[in-house]
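Next come two complexes, and both contain chain A; in the first it sits with chain B, in the second with chain C.
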Partner chain A sequence: MFDAPTIGSTVELQDSKITASGVHVFYGDTHAIKDVNVNIAAKTVTAFIGPSGCGKSTFLRCLNRMNDTIDTCRVEGNIHLDGEDIYDRRVDPVQLRAKVGMVFQKPNPFPKSIYDNVAYGARIHGLARNKSELDAIVEKALRRAALWGEVKDRLGAPGTGLSGGQQQRLCIARAVATEPEVLLMDEPCSALDPIATAQVEELIDDLRTRFSVVIVTHSMQQAARVSQKTAFFHLGHLVEFGDTPTIFTNPSDERTESYITGRIG
Partner chain B sequence: MSDAKLLTPKTSIHTQSPRTKRRNAAETRFKVFGMIAISIGLLMLVALMGTILSKGIGAFQQSFITMEVELLEAKLDKKGNRNLSDIKKVTTFGYTPLIKNAFAKAVKDQGIETDLKTKDMAKMLSKSAAAQLRNVVIDNPQKIGQTIKFRFLANSRIDGYLKGRVSRESIANDKNVSVAQLDFADQLLKAGVLKKTFNIDFIIGADASDQRPEAAGIGVAMMGSLFMMLVVLGLSLPIGVAASIYLEEFAPKNWITDVIEVNISNLAAVPSIVFGILGLAVFINYMHLPQSAPLVGGLVLTLMTLPTIIISTRASLKSVPPSIRDAALGVGASKMQSVFHHVLPLAAPGILTGTIIGLGQALGETAPLLLIGMIGFIASNMPTTIGEGLLSPNSAMPAQIYEWAKRADPAFYERAWGGIIILLVFLVSMNTLAVILRRRFERRW
Partner chain C sequence: MPLTWLVLILLTLVGLGFILGRRRALRSANGDARLLHSRPHFYGANVALSTLVPSLGVLVIWLLLQPVLIDRSVSHMIPPEMVPADTTLGLVMSDVRRVAEGLDVAVARGVMSERDSNTLRTELTDLRARLGEVGVALGQDVRPEVLSAAQSYRRLSHAGTMGMTLVVLAVAIAGFGFSLIQSRKEFRARNVVERGILSLLILAASLAILTTVGIVLSMLFETINFFGLHDWRDFFFGNTWAPNFRGESELSILPLLWGTIYISLIALFVAVPVGLFAAIYLSEYAGPKTRSFAKPLLEILAGIPTIVYGLFALLTVGPMLAGLFGQGGALGVSWMAGATSVLTAGLVMGIMLIPFVSSLSDDIINAVPQSMRDGSLGLGATQSETIRQVVLPAALPGIVGAVLLATSRAVGETMIVVMGAGAIAKFSANPFDSMTTITTRIVSQLTGDGDFSSPETLVAFALGLSLFVLTLGLNVLALYIVRTYREQYE
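And now, the complex of A and B:
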């Protein structure tokens, strides 16, 4: 089955940040992703939607090679970041992940202070030459994550002591502190209450001015609210990819329509 | 409808059905068995602790006889020139008359009436008394001619009499002590010359020969144990942790690592004497390391402790949530950075606990020490340097306890129990430390 993207992606091919073509992913004998072609545009929020187990998270983790940590996982096909193959032999996944940051489903701050959580990436990548530069990086990242006001007086407090929504924003701050070019978010709001979700969504919209954001979400409302582009995955296939309004109001594929109207999923 | 009625007759929830009764009875039975088991265990523990304490506490007290000894110049330095080499020529036999004189003086001063000869009085002292006197004189020749107060150990029979181990009936066939001496001991006790007091030498002193159980202490063996533990800690912690990190985080999962894993688990169950004979063959016979040295003991115990440390370290590495690894990798940390910056600190309490428990095991181990010669009356002096502590022959606490327990004199038996108390104090404090460390670090996530 080839449900390749049609209109949306080809038009903006010139300013696409990540180009994936013919991507297959296998977990041992399981064929998890089947021939996915997708272009992630720069400074855009792209949402991946689809029922559980459809492979959207797996595909997301291919984009910064987080799947490398799983022994049985095998990726085929081409994924290019700015025209460079990220599965090339010469690519060090560590360098790639500095460019393609990630925020996870469950808030996972390090069991360290708020400051150290945000400063960690900058420290290991050597982004700051001295303490005041590092302070500036931390403040900037926390401001971008809309967390600065809440934590500026207790940067030494443990990150794990924050509330769920604050923790997730801390994780976002941690991810943006290293100035990535693409930010991958794997269901960032699934563990959050509606207020925290709204805060994170607002944040995602702000981040769009600087990064490409790819967000995996179970909530179609969320996809509709935050994204400009939406990809619908089903059973390992990319069924449909296009502008978010189009996908939600005028889907070209029957399965997309069934899903967004709640008949499958 | 009638069928259904037959299958489920109307019941009240206020009465127990036979089936519920059976289930509840089974549960009650199980609870009772559990409580019985726990009570038996606790009783045994109380009995054990009670026995150890009642039998061993005596070792911490010792009977001393305090007397004023006149250091006669005529006996100790006939030439009167205080020449050390001349003074040294006088053996301990030369000092015995001084002790007899001191006894006679004490008897006169205290107004004790006794028929006992001074020769038999002197025998009530430890055989180390003359040597103790001589050492003082050799160290301070200027004191010759003066009268100095000395505190001598009473011999083990008199000590046993004060502790209730020896009675007039029990010494019927004992040539080392007479009823007359015990009577005299009573008189001395009344006069305050003979006293039973706390004996620090048991904790810090050295083992003594078969003839002088009253002088034996566990201190030097404790140093032997300490140096062994330093070797064990210094080798098994870094090697064990590094091996676990590699196996758990970096090694590919294939049949080779599976075989290694199985073998490590099996090694933890290998009898310790096997490690002892391995140590004998490899470290002493092949590598020619010194016999009876705490260094070799430490190496053998390291081999024994490694599996314990590796298993507990791997378990605690496994228990670190994968989300932490993901988080570190997600911000672009390398595998090694994610392990050393995030996984290892979180696993630290588990690693520490495992290490301390492994050390505790090693501290209490006797069997491998038998084979590398760390048993018997070995060292009579404290090591003065670290090198000496590692390389000069020594024993270890459990080996010392074993050594005392197999000697004939019941006075040594008491010391064996006393040694067990000290060993247990060490083990309990190490385990407490392990618990405290775990509590301390566990709060972090």
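And now, the complex of A and C:
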């Protein structure tokens, strides 16, 4: 009975950035995402919550076709970005990913210097015309990710030599530096202390003025603090999707309520 | 076969020890295994090891020492004038051993009684004929000194074998009894057994190291002999390689080193790009189906013996190159005198190294975590940008290590050079010239019919040691590079 899908509240179609309808994802024979319909609005923060293994990361990775890199993974359904089907054969996943950036669940800095890590995307996309512009991009991104103060004296040190939380912020800075239109963040604060978490939340709030942000989080408080929309996933279904205050104060599905109040996990 | 029996008895004791040790420990805990300090089989293993290891050690040492000691004491019985000028004491001693073995066989067949064999006199018996009857052929008539030496050789080895059997059994039984008494519940059998296993592992490791040291030392002694006979300045700084078995040779390593380096460089020029590109294709682009047949196919190439590559060089690549660049060749340039050349050997050696480089690099590239690629792709990089800017830099130390390992294989390669490059030692930058390498000269110096103590033969050891130092240096460098830059992405 818990398996039954429930479609979330109706969404305003006009300003939606990403629309996903009837999305199924399979890993070989495992059915990981079951008929998910979501609209991600422009200039909003959308939070994905749900118990571990329910498919949050899987769905997030569909939004910029990162699942293409997994051989066994198969995606069905429609996902549109600005009205364009991203799984259309004419769409270049490389261009898509430049527009839809991603911060991964596990920090994965490149074995390069801190500077080169942050400058990577900017270099590839030719965002800087000279060294001083690149320096400015790197500094800005590191400041926004609340890492500048800790690393400004050792930008040449390897990114892999940072602590876990610092690596997580480095990956955030790396993604922010390419100025994506949509930023997908998979548990970006899982290894951060309260102060750094607050700074990253500030960054998310700041990004919202221009971009859309999708954040996966296990912290109810965080979802409530930073997001305007919340989607609750359970066992591969999207159980409930709607305005964050509504989800947290007046959920319509009993599964959502039990999860939020801590009874299922 | 007393040795076989001895070993069988030992093994029986070991098996018995295992069962008894286990049982005694269990009984001391009234059958409750949880009261024991260690699991019951550790007590058994402790008794088994205490029985086996010391006695086996004594056995091995005894077997190694006994012939040496007996040889030494018996060789005193051969007066110096008995050793003719054209032979050595060693040859006479091998005669002695031959006769002793012959007597053993004769006694075993019942042709001769044990007493007879000890009291035989050459004056009274034609020993050569009698041993011939039982199938032991002797080269010449047995002289009285040799016979008496052989008789005392037999006596000593019989006594030695007897002593050995007794001592080994005594050691085994002592170990058996002692450890069996120990097998009570508070005894820490697991710790003892694990320490025993640890020392076995250490023994194996040090055996490998000792062998290397032994090889180096034996080369070193011969090399020192060589430098006693030949000027080291000529060896290291001369510019001609011209061995002459009548003496007055010029034996410089430099032309050979040049040939070695030149051929290896050409081989690496072929193998590194091709192998690396193949590895990149296989690990990053090829689908699982292509991979599953292309990778084993490449590895078959690695299993071909180098002599076959040599034939390929001799019969196919050499004539083909000569047909292109030789006199009256397709290009009309006549740069190449014969089919053997640096280029021939280098190309074929390069082909030989391709699977080596590709398979090592493939493993290394595959070891770069997928999350690294995801990170790059997630920022909107293309696959080739990801490979060039993230995967290859992360894999670079390993790839450099693979290339250096390939280099030491190229430097040590012999057969392809023999068949592809010719045998002329010279300095030349022309890749169409014949040239030769250190390895092939080692073979030719040792297989010639030269005197073993002449510098022309001994130079092979100096060359070998130089080669060893060269490849050792390369390997150490490879290890150093791999170690320094490893773990960057962990």
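Convention: the second predicted complex is superposed on the first by the 250 of 265 C-alpha atoms of A that agree within 3 Å, B and C clash if a C-alpha of one lies under 4 Å from a C-alpha of the other, contacts with A are read in each partner's own complex, and residues count from 1 in each chain.
One rule holds in what follows: a contact is a pair of C-beta atoms (placed from the backbone, for glycine too) under 8 Å apart; a residue touches a chain by one contact, two chains touch by 3 or more.
As the structure is a computational prediction, the values presented were derived from the model and not from experiment.
A.B. asks: Please tell me, clash or fit, for chain B and chain C sharing chain A in the overlay.
C.D. replies: clash
A.B. asks: Regarding the shared-chain residue A:175, is it in contact with chain B (first), chain C (second), both, or neither?
C.D. replies: So A:175 meets both chain B and chain C here.
A.B. asks: A:251 in the overlay: touching chain B, chain C, both, or neither? Say first, second, both or neither.
C.D. replies: Neither partner.
A.B. asks: Go through the superposed model and pick first if A:165 touches only chain B, second if only chain C, both, or neither.
C.D. replies: In the superposition, A:165 contacts neither chain B nor chain C.
A.B. asks: Looking at the overlay, what does A:71 touch: chain B (first), chain C (second), both, or neither?
C.D. replies: both
A.B. asks: Counting clashing C-alpha atoms after the superposition, which of 27-35, 99-107 or 135-143 on chain B is the one that bumps into chain C?
C.D. replies: 27-35
A.B. asks: Do chain B and chain C land on any of the same chain A residues, and which?
C.D. replies: After superposing on chain A, chain A residues 64, 66, 69, 71, 94-95, 97-98, 101-102, 104, 106, 108-111, 120-121, 124-125, 158, 160, 171, 174-175, 178 contact both chain B and chain C.
A.B. asks: Applying the document's contact rule, which stretches of chain A touch chain B when the two form their complex?
C.D. replies: 64, 66, 69, 71, 94-95, 97-98, 101-104, 106, 108-111, 120-121, 124-125, 158, 160, 171, 174-175, 177-178
A.B. asks: For a test of understanding, state which residues of chain C touch chain A in their complex under the given definition.
C.D. replies: Within the complex, chain C contacts chain A at residues 288, 369-382, 385, 389-390, 393-394, 488-490.
A.B. asks: Under the definition above, what is the set of chain B residues touching chain A in their complex?
C.D. replies: Residues in contact with chain A: 252-253, 321, 323-334, 337, 341-342, 345-346, 444-445.
A.B. asks: Which residues, counting only chain A, touch chain C once they are in their complex?
C.D. replies: 64, 66, 69, 71, 94-99, 101-102, 104, 106, 108-112, 120-121, 124-125, 158, 160, 171, 174-175, 178
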